[in-house]
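There are structures below to look over.
You will see chain A twice below: alongside chain B first, and alongside chain C after that.
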Partner chain A sequence: MALAVARKDLRGELRGRELLPALAQFVVLALIIANFAFDLDLVSGPRLSPGILWLVLVFAGLVAFGRAFATEKESGSLEAMLLTPAGPASIFAGKALASAALLVACEAVLLPSMAVFLGSPISVAVVATVLLATGGMATLGCLFAALAAQTRARELLLPVLALPIWVPFVVVGGRAVQAAMTGQSLAALPLSGQPLVILADFDILFLVVASLAARFVLDD
Partner chain B sequence: MADGLIQRFGALVALGPLDLELSKGERLAVLGGNGAGKTTLLRMLATVARPAAGRLEVLGLDAQRERELLRARLGHVGHQVGLYPALTALENLEFFATLHGLGRAESVAALALVGLSSLARRRVEQLSRGQQQRLALGRAVLHRPELLVLDEPDASLDCESRELLGQLFEGRTVVMATHDAQLARQVCDRALLLRTGRDAGDPWSSHMLHPAGMLGGT
Partner chain C sequence: MTENRRLYVLTAVALGGMLVAAGMIFLYAPQDALQGPVQRIFYLHVSSAIAAYACFALVVAGGVAYLWKGSLRSDRLARAAAAVGLVFTTNAFVMGMIWAKPIWNWDPSKTWDARVTSTAVLWVVYAGYLLVRRFATPGRQAMRLAAVVGIVGFADVPIVHFSVQWWRTLHPGRVIDAPGGPALPPEMLLAFMVTMLAVLLLAGTLVAVRYRIEARRDALEERAVAAQLKLAASPGSR
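Let's look at the complex of A and B:
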């Protein structure tokens, strides 16, 4: 059921091409602005890259997740879905999966662009960190997007709710990306402090919490 | 069966207290002016909204505690069509069929039932409002529900399409809100007139037969 919801969302996005081109454009523009605003050079570029990466990701995420439930709510299709035996948890999982896929597509533009504009070294560790953080951010982002969609001030409410809860991803992810970009091995860190393990733990924790909360957020 | 059903929005009592009984296979038209509480009643019957007070039993199931079981047995079309504009007519039905655990065959059959087979591959955004309404009706009957809860299903439908309603209603219990007293007469067995959220009686059994009487709700 969740896969059917995700497939439907992605098919609609690929046909409508509303969000992806805008997100890709946003990513490139944000990097160009950062380039001029920080007066980046070959030395400062890689050093500031982790911060720029997370700033762009967080704001791209707000745009991507903000629409996940708002359009469904406005068109009445969320109600139609909820009246099927699919269940709120499956619907939520499908929407989160599709939103995560959109953000991954955005990252596919962001990371190479960072290498080009900022000279950031992109390694497997950087990609793994960003992907793990995307999973958790999409789960929480969609949960709050579903909550915000029930209100009139949804555009304002989503950042207020999501940004503080995303801070752990930014802190841990930022540390991991910083280490990876400066050539440190993440595996050399003690297990309890390994950013990738912590991010995976966050993903599992928030996935369970969001699945349990989905029913109350979507259907009551 | 509704017993003392009430719906509130803040301090405003939008509906009730309302008592209502409907037999299996019966078709009820809910009439009333704007703001009379028709949509509010239908949303509760369809389990989309929870009542503020009172008891609601539909198809022998408690509409609050057994809503998942009930939902599998009812079809609903609300004010909005609730379709996906970028998907084709068939893709829309296939998606909802998947959520109901059904296959492509049921989607094709539902599409044929509402007379849209020739438009199966056309995107919903390219369909007229009336065609979208027919498609929404197709979605509502996709899983062969026992009960249909329809909020102004005649909106945007042409005369030919309105005949479709009669076909879809066959063998089903129906609750339908409408402003069209003539259509209600054609396809329903009895009517409930709502005025400011209260039961104002059966308009077909009294002086209220005149359409102006039915529509002068609020």
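Let's look at the complex of A and C:
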């Protein structure tokens, strides 16, 4: 069921091509702004690029997740979807899956552009960290997007609700990317040792929390 | 005794408790040898933080009860506790800043430690909670959505805490519940206990007052709806 919902969303995006080009442009523009705002050079570029990566990712995520439920709300099709046998939890999971896929596509633009524009070293560790964080951010982001879509001020509420809840991903992911980009091995980090394992734990934890909560958010 | 009178009595007791706590803090407790008078902030700072956490625990309990049973009272309790919790979080923050100015001297690597970060997240989450209440359609929908935000937000706090702690932290370690007994002289411990009880009583009083206000507001709305229904049902009106 969840897969059917995700397939529907992605098919719509592939046919309409609305969100993805806009997101890709947003990512490139954000990098250009970062380049001038931080006045990047050979020394500061690699040092600041982990921070830039997370800033761009978080805000691109807000846009992507916000649209997932806003489009349904605008065409009034969310009620119709709730009438199908899919059920709130699988609608929610499908939406999260589809918007996670969108954000991954966005990262496929972001990481190479960072390598080109800022000279950031992109390694397997960086990609793995970003992908793991995307999963958890998508689950939580879609939960709050579904919630915010039902209120009068969804564009305003989504960042206010999602950003503080994403802090753990930025804390752990930020540290891991910083280490990976400066050439440290992830295993050398204090305690955490395995930020990837911690991120995966967060993913599972929030997936459980969000799918439990989905019933109360979507059920009207 | 009417409900209002009961609230007056409760308020008076809470105020008296705070005065006693002030006496304990400034007259009874000994001066800290290293930090000097600045250390006296600790009594109110930690108590406020505990009161704030207690309030947010009430929000979670009210939210869970609401989602489970759908009772309006538990939602009203959550609503009242969220506002009071936000006040006490702000209080704990401001006092922490006043303490941190001479002790940590605003070093950003120190100010963003685990406890500060997780409390900041808590503050933002419950500010968002109140915003959801404002922007959602009033009534059942607002209650349902707010309950979800309150519960998920609270669950996030320990995670934020530990993720920063594993990263790096400089907050003073455990003092009261330190392994091997409290690391405080008995006078300080007594002053702290009295202050904590007084602050918890104050927080409880504020929640009770707030609950009363919310109950009145709900009753007012009910009356307005009932009056309109009556008007619509009366003969001669269209």
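The definition used in the following text is that the second predicted complex is superposed on the first by the 214 of 220 C-alpha atoms of A that agree within 3 Å, B and C clash if a C-alpha of one lies under 4 Å from a C-alpha of the other, contacts with A are read in each partner's own complex, and residues count from 1 in each chain.
Note that contacts are C-beta pairs under 8 Å (C-beta built on N, C-alpha and C of every residue); 3 or more make two chains touch, one makes a residue touch a chain.
Note that this is a predicted model, so its numbers are computed, not measured.
Of the two partner chains, neither chain B nor chain C is touched by A:V126.
Contacts of A:A86 after superposition on the shared chain: chain B is touched, whereas chain C is not. After overlaying the two complexes on the shared chain, residue contacts for A:G16 are found with chain B alone; chain C is out of touch. Within the superposed three-chain model, A:K8 lies in touch with chain B and out of touch with chain C [touch as defined at top]. Chain A is touched at more residues by one of its partners, and among chain B and chain C that partner is C. Of the two partner chains placed by superposition, A:V58 touches none, neither chain B nor chain C.
Of the two partner chains placed by the overlay, neither chain B nor chain C lies in contact with A:C106. Contacts of A:V160 after superposition: chain C is touched, whereas chain B is not reached. With both structures placed on the common chain, the touch criterion links A:S77 to chain B but leaves chain C unconnected.
Chain A residues in contact with chain B (one complex) as well as with chain C (other complex) are 220.
Of all residues in chain A, those touching chain C in their complex are 140, 143-144, 147, 150-153, 156-157, 160-161, 163-165, 167-168, 171-172, 175, 190-192, 198, 202, 205, 209-210, 213, 216-217, 220. Interface of chain C with chain A (complex): residues 67, 117, 121, 124-125, 127-128, 131-132, 135-137, 141, 144-145, 147-149, 151-153, 155-156, 159-160, 163-164, 166-168.
Here chain B touches chain A in the complex through residues 46-48, 50, 68, 71-72, 74, 76, 78-87, 91, 95-96, 98-101, 123, 139, going by the rule given at the top. Chain A meets chain B in the complex at residues 1, 4-5, 8, 11-13, 15-16, 75-87, 220.
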